[in-house]
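Lettered A, B, C and D in written order, each chain numbered from 1.
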């Protein structure tokens, strides 16, 4: 039973505290910290956990009573706690993105390389989604041959908040496809071009240009199109279709009862990501806890390197959005630690 | 180009006149008759056909200008015209049921046997439905092994008229499954038991007890359950699932676009049988015309024998409804003409 | 964190030990017992748990170090440990069936009634399956109206062992539908008739007559058909379709990627119940642990009463199998404790 | 009954002769011509039609015994016969593309405009496919709002012949999406960019670069991606998904029985376009015959204008393929005749 310390008690942080408290075996909510102290205390109270409230992230990290750390603070507050974890040799599961920039993420990679081992697991939870895992297994089986094309949909019912901006779409939304498609294709990206589609009249955010279409090329010449439509109105809909040389495979819709009523056959769509990816988060935490318990380190995927190259790709996507052109992506050589 | 004479210009008769006029190659609407003369004249006018209106069914049948006859009159007005067609050697496509009783239908069988050839094709249109035809092909391929079980649904949105009665369900509705399941299983029935389910509070017909459940046993011991729910409210829904020794196969839903809207994935359901079985009727007529043109006789299926044994089975179903017990079915030996 | 004692370390017992060890929050594997001592020791070793191996079920139950008990012994070894748990006031989650007979199960009901509270949760895991739970919610919402009919499939790829017998189908297999359908319909059963279908030539068990068809009537007159086909060859396939007055709803297939290859669209079918119902078992344990932690008693469903009336129904099914007739089911009045 | 003259008795020409002979009401195969005289005679013999074999296309067109003309000759032999039909005022249904070039097609448009009425119906058969028609109806109902995005697949199992070339993909394959998407979106295209994906190692044609990805922009800024994968190996697969402001709609797969066998749920995929689009061709001919019979002119869609602007778009696609850049599309003003 690992004693788990949580940094960040906002929405996703609370989800994870509740998860470790009630759902996933192997961990105990032992400590919490939030820059808003009241948020930390409220989490302790709401989830009825016997956990210490710390005065700073570092205090929590450094406490010997804490075995592993979960980072769920704001994107711009990931770097310091993660570096500290590496420094003192404590395993850490961090929400995505690893950091806000490839420059910051590179520091984490360098710290792990310097330490000679991995401490960081990045919360690209889709890699633990049963659907994506089956896609990966099917691709690896060779059953559909080498991958040539792919089309993905990342559709949200509506933007999270009215001040959502065009650039946010990359790091908050598209980053998931950036990571998971690189994993599925098993190769680096070579270039990306972002296109802005026709504006949805139901889009409430003046500074948010979308839908966006990403056209991504891999090193071997495969082409991935990703439709990012975060104001689709109809629900949360994540799709991925992989086209191989001899067949194709597609992510399933969630299993929902089929109702026949009023001249229609109907199945429900999830309104948001929570229900759709609940199981992937549980599996992600289970993998983290079991790996730490058995091997002393985090699960094999996703690594800090994965987080770093997702940042590089995201920055290319932002450059393409701003410059309205295809942007080449140059992924540095992967250190041995991540091979 | 065959000159076609139509007996019966009611709802289904008009459908067939329109079909021959506008849709299916090989026939010309040459003559019409209806006991209500005005109905015949209206059909000629509505569909702009150059057709003679006859004063009686026999006059139409006997006219040398008529090559083939289509019988779409009321169920109790099938026997005489069909016998006359056989008598003078004219091919006839009749709506189902062949006649109202097995006794009447036997006369038709006997007339064909006496004539030494077949003239009658019965309008069990499902045998020409692409879905059922594929089921038949799959069964015959041996792909799922010998059939053991089956479950069918015959669901109508609402009873056709408020004076619908319990017994009508057999000859007007269930008769379709009686025929098509015998064809799919390729063997005779041995027994049937009808059960009346819980009354639907939305059932508008006081003399109509339904839903009904038919439990049919074949000679080899396979069991077929048919849910007859003619007041299901949600649409016209025909299903058939066949369970073989090593696999199962099911009739598909009609192909309909999938809409995602308002937190739901939706496909339309046909409101009535017309859209669902349009293609089967077209194929039925095409088969009739082509067979007559090429061989001089009707298509190979369904025969008067099929119509006759459907009557026998329907009568056993009625006996079971009335006596609330399992009723054995004894199918006579099949004459060589139908083997 | 509850200390959990396990009675029975066979196949399903080991599954549950592994589940509490690695997957579900809230419990710790603290003790194990099996009539074959070696099986208990092997489970401790295989799953690397820090658990005491007890010399008898009662020793485990009576130990103050054990907070709650899980019974996963053979069906005929459920009664004594459960009664002992009730006697000393310890909560117990038992695998289904509650016991082998309604007479035994009645003793458990009587013991709880005498104690004035419930201690027993029965492992009818389907009540915790997300699909069945959604069906229940849809029924309760009134969205499809009062239930009239239902058709279920309980299909296993092959019988578990070659010595499987006709009667075993009831308590080991059909018992799941007996419980879950009573729950979904929300009313008692009134009668049952079992029919044996045509023998599958691929059935390896001489004393196993199947497929079986159960025709169950509820008190209000609704009819449920259950196809029990435990040698279907093609996979593990659990289906349930509920027919209401204004619509129908059906259990979904598990979410599986769709592959298009070799002129076919293909989705995988689970080979056995483990993958299909994994989540329901996890949820069942989570509900048990959380309820005990928060309320001091087991989850609200399924109760010992549910286990008892499932036995009554199962015995009626056996009588029908033996006597080849419809058998009435008389459910006694429900004690207040279970209302 | 229209007397139909056929120009071109190759593969698709024979399909149409057989269609008019056996399937679709309203026409009679009255005349045939093929540059290979033997091909014309063989068609007459194979389909047992009572038709005259003509010595030239013009002879057939000019014969008063011919009411309407069907052009199914090679793409480069469409222009002359169509112009002649317009010249003498005879209605003509031509296979797609209208001609090989926008310059040629413009001549047809100009001839119709000069004549002051339409004589030409272009065989973009998808407009008569029930699936596409339902998409159109749903779009026009406003049910999913204004269209923003679309993703299409045009997948063939294998290239038709080993000498297939990269450019052929546009006029022979992609032309269908060019027309049907313009119709569905109800607006002109503004730009196109073609991208060549990773080469399929199973591609047998050295001069055929594919899969191709088309990125098409409409005048209002909507983006359509079309995956053209004519060597997908697994079957003939046509998909179209339209993304509106409040919902999406997708073309259905053809209705095929679902088989469960060998741990898989399987539905068949059509190997080629014939089965998939059979009904659309029948409907196209039915519409042509009925419109000519009732109005004296061809059906309202697709017109010569549609054929012309498809050529313009196809030429932009070819320019993009050659120059590896986005190419703007300038559609001239539409003459009143086509509004």
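Keep in mind that, in the parts below, contacts are C-beta pairs under 8 Å (C-beta built on N, C-alpha and C of every residue); 3 or more make two chains touch, one makes a residue touch a chain.
Note that this is a predicted model, so its numbers are computed, not measured.
**Q** Please work out which of A-D and C-D is bridged by more C-beta pairs in contact, and write that pair.
**A** Most C-beta pairs in contact, of the two: A-D.
**Q** Find the chain most remote from subunit C, comparing centres computed as mean CA coordinates.
**A** Result for max centroid distance from subunit C is chain D.
**Q** Averaged over CA atoms, how far is the centre of subunit B from the centre of subunit D? Could you give it in whole Å?
**A** Each chain reduced to its C-alpha mean, subunit B and subunit D end up 37 Å apart.
**Q** Taking the mean of the C-alpha atoms as each chain's centre, how many Å separate subunit A from subunit D?
**A** 44
**Q** For subunit C and subunit D, what's the span in angstrom between their mean Cα positions?
**A** Measuring from centre to centre gives 57 Å for this pair.
**Q** Touching two or more other chains, which residues of subunit B qualify?
**A** 233-234, 246-248, 253, 260-262, 267-268
**Q** So what shape is it, when you link every pair of chains that touch: line, ring, star, complete or other?
**A** Chain contacts: complete, every pair touches.
**Q** Can you list the subunit D residues touching subunit C in their complex?
**A** Residues of subunit D touching subunit C: 157, 233-235, 237, 253, 256, 260-271.
**Q** Okay, in this complex, where on subunit A does subunit D touch?
**A** Listed in rising order, the residues of subunit A that touch subunit D are 145-149, 151, 195, 197-202, 211, 213, 215, 218, 220-223, 225, 227, 229, 232-234, 243, 245-248.
**Q** Under the definition above, what is the set of subunit B residues touching subunit D in their complex?
**A** Interface residues on the subunit B side: 1, 20-26, 28, 130-131, 134-135, 138, 143-144, 246-262, 267-268, 279, 286, 290.
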